[in-house]
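See the structures that follow.
Shared between the two complexes below is chain A, which has chain B as its partner in the first and chain C in the second.
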Partner chain A sequence: MHGVKRVRYSREALAAQKERELAKLKEFQGLTAEVLDRKKRKDHGRESFDLTTRLLHVNPEFYTIWNYRRLILLDGVFPTSTPTQTNEILSDDLSLTTTLLKQHPKVYWIWNHRQWCLRQVPDGPTDTDPNGWRQSYWNKELFVVEKMLEVDPRNFHAWNYRRHVLDNMPVKRTELSELAYTKRKIEANFSNFSAWHQRSKVLTSLWSAGKLDKPKSIEEELDLVKNAMYTDPGDQSVWIYHRWLISLGDSKNVVDREILSIDELLDEQPDSKWCMESLVFYKRLLLRKYSESLTDEERWKLGSDCEGLLAKLQRVDPDRKQRYIDLSGHSV
Partner chain B sequence: MGFPLDVPLHVKYIQSLGENKDDLVYHMTAHLRMNAVYWGLTALCVMKNKDALDREEMIDFVMSCYDEETGGFAPHPDHDPHLLPTLSAIQILTMQDALDRVNIPRVVKFILSLQQESGVFAGDQWGEIDTRFLYCAVNALSLLGHLHELDVEKTVGYITRCRNFDGGFGNREGAESHAAQVFVCVAALAILDRLEEVDQDTLAWWLSERQLPSGGLNGRPEKLEDVCYSFWVLSAMSILNKIPWINADKLTAFILSAQDPDHGGIADRPGDQPDVFHTLFGVAGLSLLGYPGLDDLDPVYCMPASLIEAKGLRKGWSALPRKISV
Partner chain C sequence: MDFDVVVLGTGLSESVAAAALSKAGYKVAHVDTNQYYGGDEASLTVEELAEWADARASDDPSSDYLANQRARYTSITRSQTIPPQSRQYSVSLAPSIVPSIGPHIDSLIASGVSRYGQFKLLEKVAVYDRPGYVQSVPGSKEDVFKSKALSLLDKRRLMRFLMFAAGDFEGKKELEGKEQTPFVQYLQDVFSLKDQATSAIAYALAFCTSAEEPTLPAMQRIRQYLRSAGRYGASPFLVGHYGGLGETAQGFCRTSAVKGGTYILGRRVVSVESSPDDSTKDEKSTSTSHSYSVKLIDFDERLTAKVLVSSPDYVPTSLGGNTSTSKQSAYAVARCVAIIDKPLVFTPSEVPEDTPSTDTDGPTDGPEDEPSEKPEPPSYDVDTALLVFPPGCLQNGSTTTAVHALVTGEGSMSAPRGRYIVNISLSLSESTLSSSAEELLRPYLEAALSLTAPPSSSSVTSPATSLFSLFYIHHTPAAVSSAPPSSSSSVIVTPPSRPHLPTIADEATEHAEAMFWTAVKQLKAAGVQRTVPKEEAEEGDASVEKAGTEDTSPDIDSFWPPLDAVEDETSDEW
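The block that comes next holds the complex of A and B.
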């Protein structure tokens, strides 16, 4: 029961509510018994199909009923339908899932059924255009999922579905356009960690395919992140992403430069936990990775900076005090 | 710190759940019944009240959900079998020492039949994949003593492909890290003795940053706190031996504040309606935090620690030491 407030009702209100519920309950139980009985009898007729529609409107989490619906389609409906009829039925089922997803955007079973429908689309509309139906559905899917992500930009079901669509649409979109999409989502809200995540995936894929120059694109990403850091230095999404970018590179100059830039931000925001936390990580990274190019004095200075920052972090972020103590006792 | 844990009231709440037969929600959640029985029983075990529900009645219910045709368990009689209720059924029967009622080779065959080429598991014949189902398979096979029949490399390979830039894991390849998926992936790797696949420094950092100023934990960056993450986050932290990296007192107070002081049960957050899911994961979190008077919970299997230890399945996790008093 996520997010349902506890309310104290009077005895009368409770009784009235019970009364209303009882009618609903009777209907639901009657319908459930009827549908499950037909399922047991392997009745795969049209009437059973319509009853599953009714039941799923009342309870879209009842996954057994989605399974039964698919059995009816596969066994009782599709074999006697023309491709055009099959296509129309699937089109209706997709509309059903659209309606239900608007009300229940986090129910796994509805998303599953949508994917299943798309896999069933027959060849057509003509022999010369066998991919026509499929193509027109898949093109609509990105639009549907973008609408869902406008309503809730963190819905992981919708993001998963988005990746599924991008992987499966017959005419693929370029990954560069997906990169642009994640940038739009991030610029609309820097705290959208789901979009940062997606960006990390798209970039990795573009780099390994050689479609983007990795060092150059890391520089561009660092610019984007810097912007976000200055907008809200308390937003952890940005810092997690920044750490990933730095850990990918192999240039001491970049680490030095980023340390300087975070130092500047820390001057403006002297209690910024994320500035300090990141400085500790990057200074220790220098000690770990570039120790040979450092003088004794530089090494000593980095070590003592980290100790100072960790001591201050224990004060500004007392909930995670033990972590800072462990890090400070721990050699790099 | 407000109310202490009201064990007698929560026991009564769990006992009352099976009596709400005229309640609409009870019937609308029939597809979760097997899980709910597991949640209730495990919560009772942690609160040292295992016998508060009738053993025979429970075992009969579990067996009435067995599907002869596939070898899997459904969540409710006449529903379809699935890996989620199958794990719950095996956990319940293990806790009730009643695995002798099961045709183990048939259940093992059902579970193994759902592994995909990629290494992940489907939940049922309809093919939805999720690292949750992979964990269900690994946990159940381990409890049934048939882990040796699993293709470990293939399974571990899939989990590592779900690892993200933040050290966490998602519900499938490409998916964003989420604390509950981190639990299933880390716990599965623990059962398979492959924790070296985890980027422990990065992940423990990410997990410790789930704690919000309220003391509660969230499941992803910049999201709201919720009592159930007390278990998803803490279990992974205890497997990595890092529970001290968050403020245990504040989390304890947050969980306790989500109790329903009138009717019992624990909710997702203070002031909300309780349910048996959050009651278990609240109590489980408290157990790992060393709350006094509770039994130890094994964070890998989410079952009583003494039972897992007796089966020789205990892994190297650590919880906070049990306190003597509040």
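The block that comes next holds the complex of A and C.
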């Protein structure tokens, strides 16, 4: 655990602990031998099933035992069960994986078993509602993935899984609620590329569906991202999102205004590499995209500003010196 | 009855020292005239609190200890009726919030006392703004980002300061030469921070009590708190269950008792005497060692020991204790304890008017609406939180000193359901004053109560009134000088700890450690053997020849010895 000082224990205390561990180890070895033996004999009975449960609690990474468990279910249990019973058993197994995931959130085999259980869910509870059981499991999946993202909001596997769950749910969640979810994650810690990325996907979808007013929405996003920029100008994901927002628009005024904001931030934080780099990018954007509306003098000034910034960048970010030299050499 | 050490008073420092001495293998007798543990840091029920107040307000001097206590606590007034369920309250005489990193936490863990007690994370710190409203205190990047009250430039400057304060700032150019500058001025000059931000930083992050406090100690405190955030939760501070420090002191006493310490509560100390021993056989010894003997009422035998550790109010004048004429206060704090029946509501001033934003379910989403996504008005009720009054924020309040009010409810196990204890502290700049504690603190109590009637509630509610209130002034003694400090034979008197919310626990623990080492030195010089566990004795250096009168047990190498049992490290909740 982080931050917990190592406490000193007496020699007796440590010796006692070692003995306890030895006893546990012996138990585990005995149990493993028994279960593997049953597997060899293709014993697919109830007792074997319970033994796999015990063993998996001790070591959930033992994927052979997961395989064995599935064989027991497919061969010994499901054929003689009603849909309701099957559903119950799957529900219990899902609970088992939830418990184990809390302690072992990255073990592939537990996730694997979870997916397998979800695929096995029979139609039910009734003929008129064949997706009822599935729907409630998918809802729970969403809940589980949200818990994972609470523990580690930058886990891109979890974000992927989240998209997978959202796609597969029989009754979909609204995109606006997903937008709200990304906002919560960003507010908790905006140094989170995955959250911004998700937000960009959801917004795009909402715009094309006509559910949100695009220009107004872009303005709100620019405001949000600016707050993040000023709070931590060193955060990369924020600048990348900003760049995406600018690329969506067609208004020179907006680009001018944003350049002004970033200039002010640079005044306050003169060593900010991202400010400088973004200014170069946006000024060049003006030169490329809005060339006709610029006077000769303005064009010249933008070019010289960029040269100045690139020179400074070489000093502030010497690791990428060559890149800045390159950029200043090339035309817009 | 013969002991190695007699400790008088079960305040926090004395209890920590007693526990360490017992654990080190010394025979300890620990005495307190009161019927409860904790001394000046005790946690009391309301009835006990009323008795405590009355005993110190009355004129009848039934003991030296009480006479000293009467000088220590002045200007006492209280409401007469005791609320029902009075035994379910634990009111602290020394309210405290414990930083998650620091000497107190370290000792709690290393001594094993953390296993006896439980803690609640402080929920919020807010700055009083105007009746019914508070300003939240941005103490992390997340807070700063979300704040609607700070401008973009404010956010950058505040973040720059927080990053600086969390790092190794000693010797950096932003600080060099300015360590003694008044802190508020420093924030304005070096970080271009404005009033609201400097106020929040000085009084609600660094917990200064005035704008004049010097910069370096304030910066060190902020750094400790910034680094404490996240260890057990978002807040840097823990509040002990059952009244905080009193319960903790009791935990240390329990540890001491488990290791063989003898506990005597509720006996008046009749006399404390010291007599020099016969000169030792070792001619090299330059100091004479003493023996102390303590007579308790209704106790036939005197308690004797080579070393005496004592809280200042038990030290008789013959051994250097304070006479009433020489009483000099180092610090004085005006206190108010009030019990109320409604929670405080920390409604932020900057909550904007309700505008529909694109980030919530709109009415366009017909049948796909999910009931769980409808925005609910957030609840700003608090159970265990800190309210800060910067200087000048109240018309009838102090213009120079900040006031800190700790409110604790059921969550901290210090009050029954639906009840809350408000504990207000105001540092006084002069120890002699014309105003009474009540006059000084009533405006603050009323302002705090105005927060129980939130403006956002749908029905007009009136603010709570207090079911019980107590006001007093607490004088911390100046350091007591008994015999010259170089002598190895003086009474070890607990040095004063400033009774300030975030620092008192750490200070008291540091004092306890100093007292422990002094005691050990005196005990060694007096040739007292300690009982050591076999393991330690084996590791000790047995080859050194020592004279007969000297302690042959191995040197103590740390404040706390190793713990006896490995705990399952699955419990990570406080």
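FYI, the second predicted complex is superposed on the first by the 245 of 332 C-alpha atoms of A that agree within 3 Å, B and C clash if a C-alpha of one lies under 4 Å from a C-alpha of the other, contacts with A are read in each partner's own complex, and residues count from 1 in each chain.
Please note the rule applied: a residue touches a chain if its C-beta (ideal position, glycine included) is under 8 Å from a C-beta of that chain, and two chains touch if they have at least 3 such contacts.
Nothing here was measured: the structure is a model prediction, and the numbers come from that model.
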Partner chain in contact with A:70 - chain B first, chain C second, else both or neither: first
Which of chain B and chain C A:201 touches, first, second, both or neither: first
First, second, both or neither for A:14, with chain B first and chain C second: second
Contacts of A:260 with chain B and chain C, given as first, second, both or neither: neither
Residues on chain A lying within both footprints (that of chain B and that of chain C): 1-5, 8
Complex contacts: residues of chain A adjacent to chain C: 1-5, 7-14, 16-17, 172-174, 176-177, 179-180, 183, 187-190, 211-212, 216-217, 220, 226-228, 230-233, 261, 264-265, 268-269
Chain A-facing residues of chain B, complex: 22-24, 27-31, 74, 78-80, 82, 124, 126, 128, 164-166, 170-172, 174-178, 204-206, 208-209, 211, 213, 220-223, 226, 242, 244-247, 250, 260, 262, 267-269, 271-275, 278
Complex interface listing, chain A residues touching chain B: 1-6, 8, 18, 21-22, 24-25, 28-29, 32, 36, 39-40, 59, 61-64, 67, 70, 108, 112, 116, 154, 156, 159-160, 163, 191-194, 197-198, 200-201, 235-237, 240-241, 244, 318-323, 326
Residue ranges of chain C touching chain A (in the complex, touch as defined): 100-101, 106, 109-110, 141-142, 144-146, 152-153, 155-157, 159-160, 230-231, 357-362, 364-365, 368-370, 373, 533, 535, 561-566, 569, 572
